[in-house]
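As written, the chains take the letters A, B, C and D, and residue 1 is the first residue of each chain.
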Amino acid sequence: MKRVLSVALGVLTAIGGFVDVGDLVTNALVGARFGVSLLWVVVVGVLGIVVFAEMSGRVAAMTGRATFDLVRERLGPRAGLLNLAGSMAVTGLTFVAEIGGVALALELVSSVNYLLLVPFTGLAVWLVLWRVRFSILENVFGLLGLALLVFAVAVWRLGPDWSSLVDQATHPSVPGSEGVPTYWYYAVALFGAAMTPYEVFFFSSGGVEEHWTRKDLGTSRLNVLVGFPLGGVLSFAIAISTALVLLPAGIEVDTLGQVGLPVSEAVGRVGIAIALLGFFAATFGAACETGLSVGYSVSQYFGWQWGKYVRPREAALFHTVLLLSTIAGVAVLLTTVDPIKVTEYSVVFSAVALPLTYFPILVVANDPDYMGEKVNGRLANGLGQVYLVLVTLAAVAAIPLMLLTKAGQ
Amino acid sequence: MSGGSAGRDAPGTAAATAGGRRLDAALRLLDRQLVDRDGRLCGKVDDLELERRDDGSLVVTAILTGPGALGPRLPGVLGRVTVAVWRRLHGDAEPGASRIPFERVAEIDSAVHLTMSRVEAPTHGLERWARENVVEKLPGAGDAPD
Amino acid sequence: MRLTDLLGADVVDAAGDPLGQVTDVRLAQTGPVGTGVLARFVVESLLVSPRHTGSLFGYERRHDQGPALLRAAVRLLHRRAVMVRWDAVDEWDVEARRITLTRDHERHPPEVA
Amino acid sequence: MGRRPVHLRRPVPVVAGVALTLTLAGCITPALDDDQYNAKAVAAVEAASSEVATVHLVLSQRAHRKVTSPYADEVVTSSETALDAIDGAFGAVQPPSPGADRTYDEVSQVLGSARDAVTHARFAVRRDDDGSYPARLAELRSAGDDLTTLEERLK
């Protein structure tokens, strides 16, 4: 019984923890502009993150080594350092976006300008990283993140014409009001949002934090294979809800407040309160995850002691990195950059950085010296290779599309 | 785990080493995580020290770790800066790399396990500096996370 | 001397014709095992290949490691990779990073198993 | 290993630089001819339309008590700020020819009434003045229609 509960908890937190500010904003924005014509990208992206998170979780369980530890081994110190710099730039940008997202969610509740809330948010995030046990962090924010299911309720209550939606989603075409490059620009952004590299750093390091062994392989797989696709359903619901409410009204999403409007339309005041809780949990949880991912990756490159399974004084350099990156994140937001814009750029640059993360994972998951008989099977390798091509295409196309479409205008 | 790399048909298997384990150093040893006897992480295998014996053989005598070993492997300016900063911090004119004698290696699998505590490890300085000057200035540094 | 003095060094035969560069160094365990600590490792042979790219993935030494496309690509890059024994090294100029092999050195396939 | 050339060195700073430039530059770039100016006018009107529609939606939700007053206030205020920014950015672009001045006048006038409609909506929401909602909604709808008409004419 206890085992069932813990497995259920893992799956639930995987669902609730799946969505972050990047998924929230990008899906809402795309739904409001392109309807359901880009939903296929979410499916492709979610399958991709499932494939690679499963591999990195298996590597962590079999070897006790997290992703960046192995990136340096397989790429060497030079290419490894470049990879670290690129991955950190993107994860740092995402960290900024998440802290900004928390402040924006709090602004919607408190009517206090978000800039005043940013230092407070930064302090709260840091305190959680400093003091709170890993499992509590993961479970609390994961479960609260399930509040975003209210978007699914909203879609259901809006009562769309399902057959026409399915038809549009399965026969995607570029809406007349949008250019083809813009369509593909947002396809890349959605793909980047779904496959954000930090999710893999965090997932594999989390496995080490929780001392996974070969015995936990089943649980880890279940979290990924069930939790992530159901988390993807949340992304779906967000996009469909804005496609149903905001698209017909001619509203383009550029604030977090607009993302909630389909929920208030369909579910009312209770709905919007639940959605706000979901916004807060999703962004706060992801702020902790991205902050930790920065610390994990730097420490794993240099071989420093990292992790929340030891006291802070035993992982001093790791905690110094966490402190400095939180201060830097707050400082960036205090320049008054628009957090929603930061989010939009962060998902596109995530797409650029995808191959840096996913290529080494694919190599290591095939190495029998690490993995014994648990090396990739045919399915994992078949999908892994297809996705390696896809992430490379997305990475190569991202910047040209950004310049061509003036970042999706 | 890495024992799997022992090659049956590896070339030049001398009688003295027959059945002994084979390791490809760049693939299986270099850049691997160092773990101390308490399971704490304490750096990477940044290089290996080799010593030439009179009979012409080349023996691995130590693991080299820390900025003095990693710096020279980094490209151009970055590498030079790393070494220069290391020198400045270290105080010696030619500090070289930190050595961990190979006798202190207990096991090599997905990490390199040492028979020493990381406190004795020569690269503990930076970690100690961060602990004394940053982390211990903050409240609750010694508490287990709750 | 360091391992990285060997890695990347140019390898030429007795006539001065290049074989490539050292991409890895195979170590062999010597002496008694089971004393609680690992016995010494000595350099047994050098992996020599015309190029370095991708050799850290190990595919040129394993024919059974997936995924197939990656293996094929790396093995193509390293199709001329060979293993030479350390006692076939005639001269090692550490400064010039150049290794000269003996006239009668043998070249072995790089497979580990 | 010290002397092999490193090929992979530059992309990271370049990428970061591009990101920073794009983020900081915002959207004010000069218009070199009437076509470019016209495109900017269309973009400004489109963006304003979206804000007016947002305020209309949230106000009608507030009228039906589907959304709390602070939330509605936040949404209306953000849209008001956004309209100011759209107006300011468009006004900062120099019309490339005297003929384009007419476009400026039209756009500026329609943006002005959109701005007024949104500001009136803010007054109503902060006061939570139920009785005035139908009139405010009508004003927003009319401002929205004007924006749409102008957008279609400019295209």
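In the analysis below, a contact is a pair of C-beta atoms (placed from the backbone, for glycine too) under 8 Å apart; a residue touches a chain by one contact, two chains touch by 3 or more.
In this text, all values refer to a predicted model and were calculated from it rather than measured experimentally.
Ranked by how close its C-alpha mean sits to the mean of all protein C-alpha atoms, the top chain is A. Counting C-beta pairs in contact across A-B and across A-C gives the higher total for A-B.
Work out the mean CA point of chain B and of chain D, and you get 57 Å between them. Chain A and chain B, compared by their mean Cα positions, are separated by 34 Å.
Distance from the chain A centre to the chain C centre is 41 Å, each centre being the mean of its Cα atoms. Put simply, the C-alpha centre of chain B and that of chain C have 21 angstrom between them.
Residues of chain B in contact with at least two other chains: 4-5, 30, 72-73, 75. For chain A, the set of residues that touch two or more other chains comprises 73, 76, 78, 368.
Residues of chain D found to touch two or more other chains are 1, 6, 9. Interface residues of chain B, counted against chain A in their complex, comprise 1-2, 4-5, 28, 30-34, 40-44, 46, 65, 70, 73-75, 78, 109-111, 118, 126-128, 130-131, 134-136, 138, 140-146.
Only residues 4-14, 16-17, 20-27, 29-30, 47-52, 56-60, 64, 69, 72-73, 102-108, 115 of chain B touch chain C when the two sit together in their complex.
Contacts from chain D toward chain A in the complex involve residues 6, 8-9, 11-12, 15-16, 18-19, 22-23, 27, 43, 47, 49-50, 53-54, 56-58, 61, 65-68, 70-71, 73-75, 78-79, 82, 144. Those residues of chain C lying in contact with chain B across their complex are 1-7, 23-30, 33, 36-38, 40-45, 47, 55-56, 58, 61, 83, 85-87, 106, 108, 111-113. Remark: chain C residues 56-58, 62, 64-70 touch chain A in the complex.
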